[in-house]
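Letters A, B and C mark the chains as written, and numbering starts fresh at 1 in each.
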Amino acid sequence: MPVLLAPEQAPFLSDLLRSANQVGLDYQLINEPTSRIRGIGSLLSAGPDEVSFLSNPRLKEQVLQCRAAAVILTREVYEALAPGAGFKAVICSQPYLMYALLAQWFDLHRLAQLPAGIHPSAVVDPTARIGPGVSIGPHCVIEAEATIGAGARLGPACIVGQGSSVGNDSLLHARVTLYHGVNVGHRAILHSGVVLGADGFGFAPDPFKGQGAWAKIAQLGGVRIGDDVEIGANTTVDRGALDDTVVGNGVKLDNQIMLAHNVKVGDHTAMAACVGVAGSTVIGQRCTIGGASMLSGHIVLGDDVHVSGGTAITSNVLEPGRYTGVYPFAEHTHWQKNAAVVSQLAHLRRRVRACEKNAPQNEQ
Amino acid sequence: MPVLLAPEQAPFLSDLLRSANQVGLDYQLINEPTSRIRGIGSLLSAGPDEVSFLSNPRLKEQVLQCRAAAVILTREVYEALAPGAGFKAVICSQPYLMYALLAQWFDLHRLAQLPAGIHPSAVVDPTARIGPGVSIGPHCVIEAEATIGAGARLGPACIVGQGSSVGNDSLLHARVTLYHGVNVGHRAILHSGVVLGADGFGFAPDPFKGQGAWAKIAQLGGVRIGDDVEIGANTTVDRGALDDTVVGNGVKLDNQIMLAHNVKVGDHTAMAACVGVAGSTVIGQRCTIGGASMLSGHIVLGDDVHVSGGTAITSNVLEPGRYTGVYPFAEHTHWQKNAAVVSQLAHLRRRVRACEKNAPQNEQ
Amino acid sequence: MPVLLAPEQAPFLSDLLRSANQVGLDYQLINEPTSRIRGIGSLLSAGPDEVSFLSNPRLKEQVLQCRAAAVILTREVYEALAPGAGFKAVICSQPYLMYALLAQWFDLHRLAQLPAGIHPSAVVDPTARIGPGVSIGPHCVIEAEATIGAGARLGPACIVGQGSSVGNDSLLHARVTLYHGVNVGHRAILHSGVVLGADGFGFAPDPFKGQGAWAKIAQLGGVRIGDDVEIGANTTVDRGALDDTVVGNGVKLDNQIMLAHNVKVGDHTAMAACVGVAGSTVIGQRCTIGGASMLSGHIVLGDDVHVSGGTAITSNVLEPGRYTGVYPFAEHTHWQKNAAVVSQLAHLRRRVRACEKNAPQNEQ
């Protein structure tokens, strides 16, 4: 459960809204609660010193049961519910975005409490450039010529390789690994176990080493990550063979994703967990790739392409739209009967053609 | 191969059975071997100072060739084989479970030899609560207000975040990462590269940042892991958005599994490697999820649901049973012919309907 | 982009070819460039102090536009292009392999610059055997009785467990974890986040712990990795239950691959990223396994079997050849129509059979 702020640290709702709503969302506070706001809760779990929100109008009826200090909702919902005089609410045209801003505020408050500075157990090369206000946790390793931008925070055991850079105000959670020649932009959030810049998978047949043997293609390119990128736990982005692997601005990658060498991902594209993208594939802007999808190598996805979870994309997709490839599961014995036919579909089609030929008046 | 105990450390079979069989399995020792038992081997590989077992009756004939000091088998098999007078055996109604108990004994013996105490290179916050008999390896980091339960063992480079807890007698192998607000129960086994409590994947569209831009939903919930849970290498379990992500008692997770935010997994459910479970999905008790399966978000699996490997579960499954969705592979050119039909199945069905209409006496 | 060597460190092309081409590839240098070679670039991106190459004849026309100091190409292409007198080229029967050799030379040059020796923050057990010329990075942990072969390099935060060994001239990038009883051969390249020797996933039903409860099968086997093996970031190879998990010589594994306990992989087999191989499966020599493929447990793949990406191999494949199982994706609404039929294929076949029976002259 969310850790609640100590009452003396907790803000009043009006102050919270003012400091959290940096982007200037419109809102109207109906009846300021007297209690301070110690956290955020869902409609069903929020306590009297938490604020809650309604983003899905179908859950309307939960609002009146909600024990929260106040509920963020749209004017339409507020008027539809027509709650009593004392009802405490934040009327806002975008309750979900307002919730996002408040949640960020509480998370930043927590981060601000964490120890800053460079921990004595960290190993920082004298040639590394460390910006002002940087925090480097225990057992970090910052190699030669690396750059850590102003206000960046590195959790325990992060490794920044030779000549690599981390942009301003970036947050690296524990145990993030950047190889040499990896550049990460500003305001990045990288989660534990992320590996940026491992070698791409490239080999040439090497007859001199014997039948079937491989010669390694050393991977001399780097990795470039734009600004405002978040990368989930244990996700890997390989370095390019000669040119760089490139992740655009505002891209969001979930956990355990694999981007192979020389992949390019356009701005604001989001990928759910366990996606694999093979080498040299180019993905456009504002795409969404569902979890456990797989993209073949050397293909192109245009802008605004949306791939359903579990889909294997094996060729170019240039038209915006939604694409799907997962066939339905079934109870096992039912599946067995259908699966047997899948292996004979070409034969089945031939039989249908024969039926058409044999039909007395063939309308096909 | 299993490392054999030094002869002077190795127990006699009767002593081994007595100390390993804590749960009180019935067994009968036929002819105690004179040699001490230095390890366990398979029927084909076991040497004269190892014990072996038969769990699969179809391998019966291997027993008489086995060189092991003794073989664990059922009375049925023993009588079917009718081995000679000198034959050394442990007759037991559950040979596989007895093998499990003996293997645990040898592994615990190995663990007991490992160095204990807190390594000087570990960084332990003074406000952390460290129970008696705890072992903390080199380069571990235990943050403020964290709790390590009595008898817990942390391998090298483990990180336990602020306010997180590890239960009694838990074993964390090298390089396990717990974020803040993560609670792990008693007798857990967590393998290298496990990440518990990374942020769930949550974003709201943020028009103020430009077309397609995303605002992060800070993830304020935590992770709760029950007792007797094992989690495999490089598996990730994300923290909840507001409420916790929950893994029940006795759950077993293999390697490289991904549990997204607010997933709930019921007691004793087991998942093979490379499974992905999307956000807010609820899985019942005693389920088994085959390797590389994928579960969509916001769905429910009831108790005793068994999912075959590689299956995409995209909707609720409330009835116990086995469910499958992987369609058969084939030699490539054969597959090509069938795959072409898959893309035209709706059209093929229309052609069948036409045939039915055109048939002289339509029996459909 | 590749970091270019400082001009004074950069070799002349003839010297570079001599020292990089250890295997003795035939080649002919046409017009030695006067400038030193500071790196390698693709035909489109190479600058005047880089060398480039043409491996794909279809890109022929790019050669004449290429700004590189020289281009590596075949005699056929050279004569087809018939470039002018001053044209600088390396004529070679295997341009891609020559490129591989040159790229290796530049990468080794970079490695040679890195600090050597044992970093003071590393924790090395006095009983560990450390060969000559070994480099061990910050925060590494080398446990009791471990062996590090001559010339091996360990990046930061690598862990080598009790009694494990790393062969001569192996390269472990940052944060590689070897459990106890793991043996890695000579000239290995292991990338960040690799975990070798975590427990295989083995459990026996344990009625004594309650309905559905599991007893752990302690995994007493080890892991054996041959010579000249490369393993990608965050890939996991589990230890065997009793016998070892075995990876043959020259095997290449990409990122985020999972090899379960007792898997055996034959020499020179290559697997692309995100492949999962379940327990006890045996894979032959010179196989290639496409990305995100899944192999069931206890099956056998023969030599020279090639599996397409995303394919689920659920039974033995003993004949050499290519095998595929992914069904085609489509625009979502088009897919929906076909998917509906997939669930009724057995019924559709019955309808076809009825049509055949009803046809006036049944030719089937």
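Operating definition for what follows: a residue touches a chain if its C-beta (ideal position, glycine included) is under 8 Å from a C-beta of that chain, and two chains touch if they have at least 3 such contacts.
The chain list, named the UniProt way, goes like this: A, B, C = UDP-3-O-acylglucosamine N-acyltransferase.
These numbers were taken from a predicted model, which means no experiment stands behind them.
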| item | value |
| --- | --- |
| Same or different residue numbers at the chain A/chain B copy interface, by half rule | different |
| Size of the rotation, in steps of 5 degrees, that lays the CA trace of chain B over chain C | 120 |
| Distance between chain centroids, defined by C-alpha means - chain A, chain B (Å) | 26 |
| Two or more partner chains touched - positions in chain C | 121, 139, 157, 175, 193, 234, 256, 274, 327-328, 330, 342, 345, 348, 352, 355, 359-360 |
| In the complex, chain C residues that touch chain A | 1-3, 23-25, 39-42, 45, 94, 96-97, 99-101, 103-104, 106-108, 110, 114, 119, 121, 137-139, 155-157, 173-175, 189, 191-193, 228, 230, 232-234, 250, 252, 254-256, 267-268, 270, 272-274, 285-286, 291-292, 309-310, 326-332, 335-336, 339, 342-346, 348-349, 352, 355-356, 359-364 |
| Contacting residues of chain A [partner chain C, same complex] | 121, 123, 139, 141, 157, 159, 161-163, 175, 177, 179-181, 193, 195, 198-199, 201, 203-206, 208-222, 234, 236, 238, 242-244, 256, 258, 260, 274, 276, 278, 294, 296, 308, 311-314, 319, 321-325, 327-328, 330, 337-338, 340-342, 345, 348, 351-352, 354-355, 358-360 |
